[in-house]
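In what follows, structures are represented as structure tokens.
The same chain A turns up in both complexes below, where it pairs with chain B and then with chain C.
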Partner chain A sequence: MSATAPTTQPGPNHARRVIVAWIVFSLIATPLVAIFVGPNIPPGNGSDQATQQVFDNTVMVALLTPVICLLLVFFVYALAQFRKQRGGDIVDGPPLREHRMVQLLWIVLTSLTVLFLAGFGTFELLQNGAGGGQGPSPIAVPSGQKLQVQVIAQQWEFTYRYPSYGGLETSQLILPADTLIELHVTSLDVVHSFWAYQLGIKADANPGVDNIAYLKTKGPRTFSVHCAELCGLWHGYMFSQGKVVSSSDFSAWLHQQEALFASVKQYMPAYANAYYPDPQRRAG
Partner chain B sequence: MRARTWKLVGTVVVVAAVGVLIGLYVSKLTTEAGSPSYTVPVKTVNGKPVVDLTIETVAAVGPELSPSHPDFVSYLIRNAQGKWERDTVWHLPAHATVHVTIYNFDGASGLRNSYLARPQGTDGNTYTVDGKTLDVINPDDASHTFAVPAYGLIVALPGVADDAKNQCGYAPCALSMAHRTIQFTFHTGSAGHFRWQCFVPCAAGWLYGFGGPMQTIGYMDGFLNVA
Partner chain C sequence: MRRLLGFNLLTGIVLGVAGWYAGWYAAHAIVGPSIDYFADVDYNELSVVLAYLGGVLGFLIGLGFLNYPILRLRGYPPSLREKETAGTGRYFGLCTDHKVVGIQYLVGIGVFFFIGGLNAMLIRIELLSPSRQVFPAGTYLTIVGIHGTMMMGMMSSAILGPFGNYLIPILIGARRMAFPRIEALTFWLLMAGGVILETTVFFGGFPTGWTGYEPLNTQGNPGMDCYLIFFALVGISMTLLGLNMIATIVTMRAPGLTWTRLPIFVWGILSTSVLMVLAAPVLIATLGMALLDRTAQTSFFIPSAGGSNYLYENLFWVFGHPEVYILALPGFAIVLELLPVFARKPLWGYRLAISGLLGVSLLSWFVWQHHLFVSGINGDLRPFYMLSTELISIPTGFTFLCGMMTLWRGKIRYTVPMLFCLAWFFNFLIGGLSGVFLSDVPSDVTTHGSFFSMAHFHYTIMGGLIFTFFAGIYYWVPKMTGFQLNETMGKIHFWWMFIAFNATFAPLFAAGFLGQPRRVVTYPADLTFINQWVSVSAFILGAAQLFFVFNLVYSLVFKRIPAEANPWESKSIEWQLPSPVPVYNFSKIPVFSSDPYGYGEPARPVAVPASSPAGRD
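Entry: the complex of A and B
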């Protein structure tokens, strides 16, 4: 009687199956996501900055799609292939072994992806600030003539000053179309955040700080302004609507506002980058 | 397995209980600290709704109207019986003309933003102070504002002179005491829920003058429930 050694049947090549399925799935899904999902990601196309953000988001989701595809393919494959058979015993899988090529590929691919995103993000930020507040000394300054508009936050309303028009202050933000705007965002009391959602602009409003953000408007439209920093009891109600209007409508609106502003002009502080309101007779 | 089930059930119950407690706390804050709503009587003139809104501002609301915070600065509304109430949620009809009379018994605090010294959103962008029509006041003389930002309505209320005689200590304040009378008209639009507030940092002794009554519903702010 002689003992025969157990023979092992060569199993299917799981790695090859997963990789093929992943590549096929990614080749189908990535263009679909880039074409149909990316352009619909907020904030839309209300300004050059908003359009740039949509493009950035599209690039990121397009890069993200193959990663998600790999996870989904592996998850589904593992569920189908490695699940316990009905009535069978729970059997441990083969031990994990070092595989230098897989490790190398993993490190190289993830490093390249992260480094590319870091470089891409930095490049995009340096174009024109990408709609974010850059502090009092901005690095990414778009070239061209700019219209200065100051955003003044206080609990719980934003008002706006136009230094080019005698320091005119208004309750509503009206901007001319197709114009490069230099926003100077500040606060009279606590920390707020100016968020013109459809324009892709978001900048913190800190008391005593001139936070500069750039915006290139497109055609006439309305947009919403929200405070994006929890700033007290009525934070949730600190919103309003602004408008981008044609240059002729902007001029007409300015004349109307200047007439209304005339009575209070004598009491207004000189235009400044930041304000330190006084008196605060009752402040503790 | 049974232990795991009990852990799961326990976690769900604890999370639900915490959620209910948070809900009760928020509810308590918004109801007790605030005030019941008040439906302003409506007249019809030429087929259109017209409302007379009479309110007053006081430096200290007093123990009768606010036992928990008698020293809070506050708005009060005069009800149909002529009694002053600390109600700051008011029901108004849509597309109505609202004639407002405010008796201000408080002294000046000064506006943080001088721009708000100009009346906006009223008929003619003017108002009357002690019978005199004005289109601006000195921002330092402002005691409070009545503002409904959604309507673009901002009215700065000048304060009682510091050396005025017979000043009111605790509310309700009689009209025989030193006060300013502010009158203006505005119009409600479509139905909605609009907050109103004071923009003057008038909360004495609180950080930047914007704590206490300025951060508590039912004193210097409220809602217009327009329907």
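Entry: the complex of A and C
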């Protein structure tokens, strides 16, 4: 299969047409996508992590726009231009078998794109963990004072403990605004996944494992919490609403909860990174 | 009546049922109500497992898989006797003719594909309303699980089974597969598995979806055992199928058919087979461990007893990620094989195309933890898995480049198979680019476990595999059956399916980004419109497949217009044989002097054998 030189043939320069059309379309489409589409990709502006994901998505969608343009321009052109004449006899096309420059160019361009994406993703990940669960020994730790909050998943609800307030446990997640929060996610039975959608947080809850994710809240807002890993019968109903509130509202709420909590405190297991096997009862 | 007696499907079913009850009683003799990690239930887990093992064994004996080993033990000479039986009876039993097995696969997989599709319709019925429940939550999860497991398990062999078995010996100039009885075994194991998976509904179903995550797996009903046995049978079937393909392709190529003259389809099958042989045993072992956890009180995956659910997740995805390329690679191969025929040009960049296929196979072993980016497992390795996952774009890009440059300046004919191949580019582009978001950790935090990832893999697997599966059907069924398929109906089917497919799955990217987790029975009310749109599109997509069945029945049963030997004017060797291909393929083994892509090139002395059904091997 030696390389066959492309036969010179009178007629339009197809390659030039496709490349020019591609460049024109990309130059128009990419800024439009970067400005109008990218910033509107969820999860929105609910936390530093969410904002960072939006930026990440914007960069990627802008980078992928020229790729889509190339394929679309190519196929629209090729499928219209290189079709067999209707009703004519079946004829063969030119026997082009390979073209080293095209291959080389393609390999170099795809490799550069891919390496850039991987480098960019790693850089973004190491900024502040991007809101993902990182396991018991995180590699991307934002610096600063952190409020520790534990998320305990079980079939089929999430509860939350605040170790800095005496291991207080609540059934609603309330977080202070503009605070760096260290979430410790664990499970009492099967695998769940804690997904605070508008905050851009997702971390699997594994029995016996302390899965840490970082969150820097912004202003007061509500957010929804879903379980994102199939966990059995009522998985679909394992959702609730949480709130980010101002720090004064947060301490008021805490005092109220501590009063409620005082009566049951003696029955609670001491705060720990994991509670599995459950000291009180069997799982399931 | 007399023809029904003997070793055939009917005997297989009878002995299968007998074996099932034998296993059931044996298990009850061994152990009474079993103890269990998740106690308070007094069902006998072992009885379900042994019943199905007995059932499978009885089924295989009834089909006649023990006859030959017993004959050999009694001193009879080696033979391939099962191959010589003629008539439609061959299709209902153990047959060693690779062409019969290919057609058995096509029909058998087709039936289970429709059952899996039906489950998808039920899912979409449930999701028509955000809150009203059509099915109880447990039933809904079972439907989701059957859909996913059936599609991932059965459709792994969707192209290797029918087209691989039928075409590989022909394409390499051989008269049979290397291990014809193993070839038949792979098919019947798969069918037994499919039935077993369906019977999960009699045992309470299973709650885990197709991934079977622990410890939910151990917590599940006895229906979970049906899932485990089904997937293990699929694993055994895949391992044997891949092994058979590798042995055939490596050892049985005709003279002159060097590695650089093989059709690219054979390369695709070869690389897929390697993945199957290496990945499926991991699956079998994993499911075996899960089965032991459920029946014999081991605790590989039970954290409260010293096991680890991470172990299950690791093992499952070590199988699971090569598995998705087992699904995707045959699609690449069909596209690259068909484009030269319909563009009337040689395959562009043959070596690059091969390195693309091999590169994807190799890299697919180094990416599995991208399914676990937020699971807390090996947090430090996430940059590596991000890199390795994105590197797969490079060899995948080779396939795109070779396909696109094959079209370049060609004389394209828009036949039905060609339309399905061209749709592959569109679907796989969207599937691949959405994969970039999932492979990027920051973006994956939101998209993981949401409808976004669900839309992504439906674009790659349904848009990649199923579209090319249909391309293969429209392209090769005339050769396999000897009858033409109606082209107008084929084109209607294509456009119907293509539009409905995109209308169904494109909005699901949005649903995922807007916060809808996978496998939920209920969802936020503001996503109602998207879900109803998707449901209606899905029903239209389902109806497109009914229309396809109508075309099949109309063309193959009622019209029966004989197909020409070479309706596509292909230069590949299967089209130089009569339709349907005679029993022994070639009267004389052909000698190859070039690859099958010599369009527009001076004719080379391709030795095409005169075929006659009288030939023997």
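Note that the second predicted complex is superposed on the first by the 266 of 284 C-alpha atoms of A that agree within 3 Å, B and C clash if a C-alpha of one lies under 4 Å from a C-alpha of the other, contacts with A are read in each partner's own complex, and residues count from 1 in each chain.
Going forward, contacts are C-beta pairs under 8 Å (C-beta built on N, C-alpha and C of every residue); 3 or more make two chains touch, one makes a residue touch a chain.
All values reported here derive from a predicted model rather than from experimental measurement.
Undergrad: Let me test your reading of the model: by the given contact rule, A:Ser263 touches which partner, first (chain B), second (chain C), both or neither?
TA: Once the two structures are laid over each other on A, A:Ser263 reaches chain B alone.
Undergrad: Of the partners chain B and chain C, which touch A:Val191 in the superposed model: first, second, both, neither?
TA: Only chain C is touched by A:Val191; chain B is not.
Undergrad: Between chain B and chain C, pick out the one touching the greater number of residues of chain A.
TA: Comparing chain B with chain C, the partner touching more chain A residues is C.
Undergrad: Using the superposition on chain A described above, determine whether A:Pro176 touches chain B (first), chain C (second), both, or neither.
TA: A:Pro176 contacts neither chain B nor chain C.
Undergrad: Between chain B (first) and chain C (second), which does A:Ser240 come into contact with in this model arrangement: first, second, both, or neither?
TA: A:Ser240 sits against chain B, while chain C stays out of touch.
Undergrad: Under the stated touch criterion, which partner chain does A:Gln154 make contact with: chain B (first), chain C (second), both, or neither?
TA: The first partner, chain B, only.
Undergrad: Please work out whether A:Arg83 is in contact with chain B alone, chain C alone, both, or neither, and reply first, second, both or neither.
TA: Second partner only, chain C.
Undergrad: When the two structures are overlaid on chain A, which partner does A:Gly46 contact: first (chain B), second (chain C), both, or neither?
TA: neither
Undergrad: Which positions of chain A sit in both the chain B and the chain C interface?
TA: 189-190, 232-234, 237, 277, 282-284
Undergrad: Under the touch definition given earlier, write down the residues of chain A that touch chain B in their complex.
TA: 152, 154-157, 159, 169, 171-172, 188-190, 232-234, 237, 240, 260-261, 263-264, 267-269, 277-284
Undergrad: Please output the residues of chain C touching chain A within their complex, sorted ascending.
TA: The contact residues of chain C facing chain A are 37-39, 137-138, 140-141, 207-209, 211, 213-216, 219, 260, 303-304, 309-310, 343-352, 372-380, 382-383, 386-387, 390-391, 393-394, 397-398, 400-401, 404-405, 407-414, 422, 425-426, 429, 433, 436-437, 439-446, 448-450, 513-515, 517-524, 569, 595, 598-601.
Undergrad: Of all residues in chain B, which touch chain A in the complex?
TA: Residues 108-110, 112-115, 117-118, 120, 125, 135-136, 138-140, 147, 149, 152, 154, 195, 197, 199, 201-211, 214-217, 221.
Undergrad: Using the touch rule from the top, collect the residues of chain A that touch chain C in their complex.
TA: Of all residues in chain A, those touching chain C are 1, 14, 41-43, 49, 52-53, 56-57, 60, 64, 67-68, 71, 74-75, 78-79, 82-84, 90-99, 102-103, 106-107, 110-111, 113-114, 117-118, 121-122, 124-126, 130-139, 185, 189-191, 193, 195, 197-198, 200-204, 206-213, 224, 226-237, 276-277, 282-284.
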